[in-house]
Amino acid sequence: MRLDFFDQGQSDKLENSAYTQDIQVDVIVSLLKHLKLHKVNVVGISYGGEVAAMFAVKYPFMVDRLVLFNSTSYTSPWLAEIGHQWNAIGKTRDGATYYKATIPVIYSPSYYESKLEWMKKREAFLLPVFSNPVFLDAMERLTNSAESYDVRNQLDKITAPTLLVAADEDYLTPIKNQRELHKQIKNSELVIIPGVGHASMYERPMMFVSLVLGFINTLDTEYKI
Amino acid sequence: MRLDFFDQGQSDKLENSAYTQDIQVDVIVSLLKHLKLHKVNVVGISYGGEVAAMFAVKYPFMVDRLVLFNSTSYTSPWLAEIGHQWNAIGKTRDGATYYKATIPVIYSPSYYESKLEWMKKREAFLLPVFSNPVFLDAMERLTNSAESYDVRNQLDKITAPTLLVAADEDYLTPIKNQRELHKQIKNSELVIIPGVGHASMYERPMMFVSLVLGFINTLDTEYKI
Amino acid sequence: MRLDFFDQGQSDKLENSAYTQDIQVDVIVSLLKHLKLHKVNVVGISYGGEVAAMFAVKYPFMVDRLVLFNSTSYTSPWLAEIGHQWNAIGKTRDGATYYKATIPVIYSPSYYESKLEWMKKREAFLLPVFSNPVFLDAMERLTNSAESYDVRNQLDKITAPTLLVAADEDYLTPIKNQRELHKQIKNSELVIIPGVGHASMYERPMMFVSLVLGFINTLDTEYKI
Amino acid sequence: MRLDFFDQGQSDKLENSAYTQDIQVDVIVSLLKHLKLHKVNVVGISYGGEVAAMFAVKYPFMVDRLVLFNSTSYTSPWLAEIGHQWNAIGKTRDGATYYKATIPVIYSPSYYESKLEWMKKREAFLLPVFSNPVFLDAMERLTNSAESYDVRNQLDKITAPTLLVAADEDYLTPIKNQRELHKQIKNSELVIIPGVGHASMYERPMMFVSLVLGFINTLDTEYKI
């Protein structure tokens, strides 16, 4: 089951209102209640990983396995500045610059270079979207909703076996962020995909599927003598 | 299905004969023929990874998915020297020293330290084995059988989707070895488990199972726009 | 001797003209001729490192020692896109956004966070500069002048002992760029400063001075048995 | 000024006596008193780095600059086992095996391979030394003297600007050890030499000299706005 959060994908837009990621956590809880699901596997990437971590911190008993790709335990002042930059560009309604500021940086330089033609097609496809004020305002609200994100002091509440996936050319949530998550989440595993950027799911789709399916379907094992 | 090679585990000993890893490849082929299996998933670790790579190079059409943990594309002069050292100690029949030379080095320092009590028990358990001339001679033949291993110029023959797993505190087959395999095997993925040594399977059993099951059960996917 | 290139620092602006980094190389040559210097130590950082590499490729006999911090052997399409983004923002004359797009990203997240107050002061200091059309146009010309930079096939011409300094949180010219320089420049050394970003000179000033002075004052030594 | 410790190089042997590294620290202090030197730059590598760290912890006011190559803040149980192995082999008086156990492992695999001929000459040169009971007994005492080494709780006493040099193929005192030193020594810098083993001084002699001379001759600088 894949979930679009408010202001993401095909979900409703939350026009004229500021919010934090708590509201996205509430969406998950409501949905699970509605579906009468008491315990689920949760997979989150980037912003979705932050919401997933908040959910796991607040409702640890509802999480069977947790998988976080390219995430962080808090929005650092540095990361917040990246967000401010995106928002400032968004306000100019200049979709081409918004694309240049937000998209190349999520790929590793080598992947970007190896897929230049695909990137150009993707740019053409995204340009009208990125020029749409409704989209840009939604992105601004999304970006702002993450600014206060900080679960550093609560990660010890997570009890589910957790897989953390880092990419060593991820410049938005660098490997150091995943190492900190690994240190704080007691029952966690960490793997690094080398030569890959923030959008590891796009750069290495087979690894993404393998890691998720492998981890949520594996019994928690200990090696015995 | 788990396979003990000659001179390993509970397999026959090949006393009084020198051999190379080709003989172990032949064992795999014979077994698969006997079982009427035409195409299989192959998982190899360390020495087993070398045999698996040789098998995949020689019989690429018989390999569905290939997973190599802590392996290398050739036995470097440096690695050969480690083997010579083990053999020289083995000849003294001093099991305690053989243990000290071969076992701590396969673990990361931090894992070794965190499991000291378990290590001591394991040492006590292995000491009689490591003092047994039959075992030591088998180990010497095994070690020697890998000395000529070199598939560097043949890795382009491997067609199966391949997962390479490296550990950044693996001192026998360091990360650089896996990077070279990754460069040469065209359809390969590489992940690194940080803070882990050569015996990654023992240090991170859940990751081991997750990676293997995840990779061999995932369809080979490409991301579409 | 420290040199401001055209369109940098207190040098002349090259208004109304496009140029490549060749012109900056010519500046160096003219200056050295004027000073009657036949062979010098050359230290370059980032853009300056690119000019230094071009100089060393074209006039290898004039270079005694070469030190390149946070450099690259070519402007990749990915890096070019970062430049396009900067230029697009520059054209809006919005100094605050230009600052947010160009400055935080050159520091490591942890340094940025540890120096927040200093950063705020620096932002206030730079804001009028970054809002000045003369400065922004100069920056655009500078950025454009690097777009065609590519010395990948000529690095074997460099004969001077060369020190390459990489930083593992450098997101503009990542460690991979320095590894490629290291592979191509025959007489080169590579060191990595961990936990540091593109502006390694600012983050680790003592290391910067140590590395430069140490390297240019050391005889080229070989270890003898 | 280069100092051979007891049981090292051309210094006296301490036959029939066990000791710890404290005795080597006392040697330094006595020598400096004798030479009427009140404050010095101290450079230590491996075992020498441990003695240097102990000296800096005990006599911080006597240290101007401290440079530690390939060192650690304590002898871990894992590292101690390596020492036990060396001692056990030493007792057999088999110089060839002692060489194989202690020498290849201090080099990176790639350096070892690139210098095979030199290594063979070095092996021939060292074989009589490594077969000499006087040498082997001295090595055993040296190795044992480091077993209780642990300055982890005292590193905050070091006040001198300190340079820590790590090598990412150092398997005896891995990079993790230098990171811990870096975290604990307040005024410290860390650089990593990639592709190099424990014997970084031999593998990269020019870098060794550059780093030492650069660091001890550089004023402690802060970058001002």
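First chain written, first letter: the chains are A, B, C and D, and each begins at residue 1.
Here is the rule we go by: contacts are C-beta pairs under 8 Å (C-beta built on N, C-alpha and C of every residue); 3 or more make two chains touch, one makes a residue touch a chain.
Nothing here was measured: the structure is a model prediction, and the numbers come from that model.
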Partner chains shared by chain A and chain D (touch criterion as defined above): B, C
Both-way neighbours, i.e. chains that touch chain B and touch chain A: none
Rotation angle (°) superposing Cα atoms of chain B on chain C, nearest 5: 180
Label of the chain whose CA centroid is most distant from the centroid of chain A: D
Whole-Å separation of chain centres (CA-atom averages), chain B against chain C: 44
Whole-Å gap separating chain B and chain D, where each centre is the average of the chain's CA atoms: 33
Whole-Å gap separating chain C and chain D, where each centre is the average of the chain's CA atoms: 35
Numbers and ranges of chain C residues touching at least 2 other chains: 195
Chains grouped in pairs wherever the two touch, ordered by label: A-B, A-C, B-D, C-D
Residue ranges of chain C in contact with chain D within the complex: 118, 121-122, 125, 161, 163, 179, 189-195, 201-202, 204-207, 209-215, 217-223, 225
Of chain A, residues touching chain C in the complex: 76-79, 81-82, 84-85, 88-89, 92, 94, 96-97, 100-101, 104-105, 107, 109-110, 112-113, 116, 169, 171, 174, 176, 195
